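Just below is one structure, and these are the notes that go with it.
All chains are identified by letter, namely A, B, C and D, in their written order; residue positions are counted from 1 within each chain.
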Amino acid sequence: MNTATVVGTASMGAKFLGALVLTLKVLIYLFLMVMIGLFLMGIYRKFTARVQYRVGPPIWQPYIDVIKLLSKKDAATKNWVFDLGVIMGLGGPLALLLFLPLDTIVGLNFHTKGDLILILYLAVVGPLGFALAASVGASPWGAIGVGRALSMMLGYELPFILGLLAVVAKDGTLLLQKVSAAQSMWNPAGWHYFQWPLILAAIGAHIALQGVMSEKPFDQAIAPHEIASGIMVEFGGKYLGMMLLMKAASLMAELGLFAVFFLGGTTAWDTIVKIFALFIIAISFDAVLGRFRPDQAFTVLWKWPTIIALLGLLLTVFA
Amino acid sequence: MGMLTHWSVLTVPMVLVLGSILAALFGLIKNEKAKRVLQMISTTAAAAFALYVNIALVAGWKGVPKMADLKPFTVKLTETLTLSWQYYWITGTFAILVMGVLMFVLAYALETFKDDENTTPFYVLTPLLAAAIYMTLASVNLIALFFSWELMSFVAFLMLLYYDRTKEGGPWLYAFWSGVGAMSMIAGIFLFYLASDGKTGFGLFELMQTVPVLTIKHPYMTLAAVLLLGVPFMIKASIPPFHTWAPRTYGSTHPSVAAFFSAAYSKVGIFAMLMWVYMFVGTVMSGKWVTTLGANFRNMPTAFFILAILLAFGAVFTSLLAFAQKDAMYLLAYSSMGQLMYMVMALVLGIGITVGYQKDMNVTMTVYTLGFFGAIYHAYAHGVFEMAAYMALGAAYKRSGGETEFNKLGAYAHRMPVTFFMGFLAMLSTVSIPLMWGFASKYLIYQAALYGRFFVLSAMALIAGTASFLYAFRYIHGIWWGQPTKGYDFMHSVKEVSAWGIIIALVVMGLTVLGGAIPGQVLNFITGNAVNQMVMQSAMAGGPLLIDKAVYMVNGFSILHFGYLAILFTVGILVALLVYTTSGGSRKVNLDDFYNSAEPYRPEWQVQLIGAFYGPIERVIEPYFKVSIERVYNWLGGIFGWFASYIESWNTGDTRDYTWALAGLIVLLMVLWVF
Amino acid sequence: MRVEEVIKAIQDKFGLEVESPYPRRLRVRIPAEGKSEEERRQMLRDLLQYAKEIGFQHMSFITCVDFIKDGRFELNYGLWSYTIPTMLVVKYDLDRENPKHITVVDIWKPAKTWEQEVHEMFGVEFDGNPRSFEPYVLEDWDSIPPLRKDFDPVQYLKEHPMQGAGYDPLPYVNLVEKNLEQPTVEETGGDEGADS
Amino acid sequence: MVEWLKLVDKARSRSIWMLMYCTGCGAMELPPAMTSRFDMERFGIMPMATPRQADVILVTGYVTKKTLKRIIYAYEQMPAPKWVVSHGSCPINGGVYWDSHATVNRLDLFLPVDLYVAGCMPRAEANMKMFTELMDMIAKGEARGWEEYVKNRDYYKENQRKLFGYDLVFTDGRSAL
């Protein structure tokens, strides 16, 4: 009886230890992803500055900004729902990151418990949370910003989904690990991006990706020169800091999803490299392009990328 | 227990009628508040009893007889004409939804009816309507179905007529379409009668089995009969092209009435469509049609594929229309139509894929489709979230003095946080945020579409889902947040709903999350274990579907573990909470302290922006909505109107004219007869 | 319609001298003598209406000049034509002691704002334009209209020490008082106005 | 804790987001400081579109009675720690507009100014000097204007009341709904 008790305790202890290690892994993973995302944003600022013939901020500027913002003493809040929206806004992308195959970096395996549909719907929790907070803020600029953001979402979701579904049609699965396994990791000829007819779907989705990341020419929602930074107009201090973190996490999730689907799947670390490459391409366009009007952007997104992606999907399905 | 053996299918309707009669009697009370409370108690108790009975029957609880032991109710009109009602599991499945919605809507009506509105018609007619719905759900016989259906439509019309808020002719449009449906239904029944040479009865289940036989004998007549019979069902489920009554009818009535209509009454349409799709299967898969309509397009008969595509288009279009609305009632009406189309699309997909799959795999006839259960589950999800959205709107409606337009509402959440949260969760469920009921059900539908390898269809369904974000946000911003449109003094007079309303709101909010957190259990419960049975059957037959209690899985195509989802979602939120709590402080600022130009808000400035919220893309999509079915109907109506007035213009009051006309007619007939 | 034709048309129709001090400027003054107030106002309105009809599509400004020694305000209505790139300025004299005038909002919508500004800065009341009585840029103004020549800013700052704080104005007061001496109409030939 | 605070001060000094309240001509010299010639983003200094996100408010030009109200509103909306920079001679003593009926000559009677940049108007070099100076002050923890505003609130509020004739509060002090 004594031994049984001891064994029971030991197993309890082991379980507890296991849970602790798992929690630590999750925290490390999320921290790592957000840090890499912030680093990407630093690259973005440096890159844009160099394109504009400026020196630009140091590459770790986003970290400084986040520390400063989170340390602000009295950020303005409107209502407890404002805080709730912001927490939801950061929590959604973090949960989303846990369902991406990038989590094998720290040896987690949660991504096998979800699929593409879940990821697509989990990806909107964050924007919706911030939209709620902007709505609570009651600024007309915020309302315009949210209206534009959601309009853009309707615009880019169509080509993006068509592109992703083409891959689903090809591989016959919604599971990210299977999509990943269907490609060869380092040989570009084995990537979905460079296979006919998936290349059409990939191009369509890639154009839409610019909208997903809300980079130019699809950055109508946060247009500081037009609508006083739109959604963000009421966010200051830690709220804005959390929004930057959310932006970093979303960047990793969106680019990671695209890399897994089109750029040869993942064994985690290589995906980071691919994410960097994708990001550089995106910000190159961002640095030299202007901004569409919202209706122009919507029309453009529902026209060319959609047609290309639809063609890719149809060719894949009927091949 | 001895008494219980006398229970029949009529027990529930009779209790509901009793509640209605009590409510009518209480309507004589002079004291307005006491009257309302007593009416609410009597009808809600009846509804609660009905709900309990149905749950107990479906779940097989003790204290009530078994489903099979419930006495059917039969009226023998003539030797061949029999009306028959009987309780079966699909009755129970839909009745739980209807009675649950009925209970919540009745109980919450205390919070939605303005002080100057008469509640007696609502409390009297709604249980009656529910009773008629119950009879419709339980009818196993086309004639019985017809009588229940018309009774239901008539009671609904009375309700709409009494609560015609905006006087836009909504009830009359509804009456017109109900009439069209009734005529079409009679014609369909008559054609069935002809096709079966007057031999068979009109049993619903009987028909589902005899339709293939009839089709072989009379292919055209049976197809026509099935299509005619589908018209009233499609009208009730507001499926294009028979949907034009829905927005105006929902939009012009009282929010509580609309809540019951949208959440419960429209589900009769789904139930009927379910029956109809089975008849349709029987038609297209036999006789002359099997090589044309029944030929497989990918994994589904062509007819079903066309139907599904049309429905998906309809869902996209109604969702796009929904976010362009400037009135909350209309927005929810269009949203509801979109969701109903989702459900019917799921039904068509589910049953169609089953049939198509059987043709390929040659497995035995079992219902093991994702779409089938997706439709039923989405009917429940829609019932809960649409009811919650309308109820929350109703509370704001009462407090704003009867406003439903967005530019006259706004900022009510500051005074009514619990009610707002009910509406908010309803919208989260509408847009299918994970862990909400709406997600679990839509997930099944997407899986159905993807399993059948209908990728463009899935993309359309997903885009309809994305469009729902737009209208959901408009609902949240327009009613609950944004700026107060009636000034601060008015807003300070706004009160949160009573404790009773808060309790109801909390229960509804719990339900919204419950169906999304443990979908397997809930689905199994409401279908009376049918899911489990069919899963077992399908597993034995080597079928594709497995709906586990915690996991949705489709033949290796996909997997979603809801337990992990709940845990990881919580982890994400907790980490965000950690960041939130460890970072700097915050101070609460005034609602009106918002301008980036530092100009404080003045109540007289209207910057609500709700009128042109999605202005840019509304302008983009506007040209594509120029072609409207309603306009076609109006055009047709104009022509017929002209024809009628032309005939009327013959009436000169002179008998000689008629004589000449009659003579001319006789001459014409003679000429025709000669040649 | 060319410039000469405009000059001739206005002369024929209203009997008013239109002068052109330099290219692309036309100037016409509603005579102050020999007519009642109502007739002059009617003439102004008719002239503005007529100018609008003959192609002066744009109301550029309504300004006011304070001729304190003559005891009058001079209102200038500036109309711009895009067809003949020319500015037509209509001048109208007002009694400085009782500056009451009539609105032209029904002819020119932009006058709504211009009249508001003139009211705020000079105290001219425009009958028929309710908005002209609302404050335009000055909030909580508590003195005589600030662009009147008899408004003394230094005195005003002395009365409002918080606003004038931080600067000792005394060394400059004499200079300022010198500046207060305004040239008269005779000295300048009546040329100063908003159009110069 | 102290080290952490130092780190935070360092971060604050390297990430200054400014709200340019461009009331006058002083704003003209800021674009050169922003663009490639001087490039203030080197130091992490960026313009922001809304006071909620700003750390420093730049009053660049004469202050009229009407704009001062807005400046105070904007300042009070900013999250602490926050700083005020008086830019050009007008906010110091009125500059050439000292005797206008509209201008308010001294800004520091109404808001706690951390740094003055003299000149009419200060050139981009002066602006850059001002930014580096402000960064040093923040890094050393010397710029404490926002604390002074809290400590001497009565003084500032009294001055504001004397100027405007009434209390400056957001829509007559009504609390949130």
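Annotations
The rule we apply is simple: a contact is a pair of C-beta atoms (placed from the backbone, for glycine too) under 8 Å apart; a residue touches a chain by one contact, two chains touch by 3 or more.
Please read all numbers here as calculations on a predicted model, not as lab measurements.
If you compare C-D with A-D, the chain pair joined by more contacting C-beta pairs is A-D. Look at the CA centroids: the one farthest from the centroid of chain B belongs to C. Rounded to whole angstrom, the centroid-to-centroid distance between chain C and chain D, based on C-alpha atoms, equals 38 Å. Work out the mean CA point of chain A and of chain D, and you get 36 Å between them. If you average the Cα atoms of chain B and of chain D, the two centres end up 58 Å apart. Averaged Cα coordinates give chain A a centre that lies 61 Å from the centre of chain C. Chain contacts: chain C has no residue touching two or more partner chains. The multi-chain contact residues of chain B, meaning those touching 2 or more other chains, are 411, 414, 588-589, 591, 593, 595-596, 601. Shared interface positions of chain A, i.e. residues touching 2 or more other chains, are given as 71-76, 78-79, 141, 228, 233-234, 237. If you check the complex, the residues on chain D that touch chain C are 65-66, 69, 92-94, 98-106, 109, 159, 162-166. Those residues of chain A lying in contact with chain B across their complex are 26-27, 30, 70-79, 81, 83, 86-99, 110, 112-118, 120-122, 124-125, 128, 131-132, 135-141, 143-144, 146-148, 150-151, 153-155, 157-158, 161-162, 165-166, 168-169, 172-175, 228, 233-234, 237-239, 241-242, 245, 293-295, 298-299, 310, 313-314, 317. Taken in their complex, chain A has these residues touching chain D: 45, 49, 52-58, 61, 64-65, 67-68, 71-76, 78-79, 141, 224-225, 228-229, 232-237, 240.
Of all residues in chain D, those touching chain A in their complex are 7-8, 11-12, 14-15, 35-36, 39, 41-44, 48-55, 77-81, 176.
Every residue of chain B that touches chain A in the complex is listed here, in rising order: 411, 413-414, 417, 420, 424, 428, 431-434, 439, 443, 446-447, 450, 453, 455-456, 458-459, 462-463, 465-467, 469-470, 473, 476-477, 480-483, 556-561, 564-565, 568-569, 571-577, 579-580, 582-589, 591, 593-596, 601, 607-610, 613-617, 619-620.
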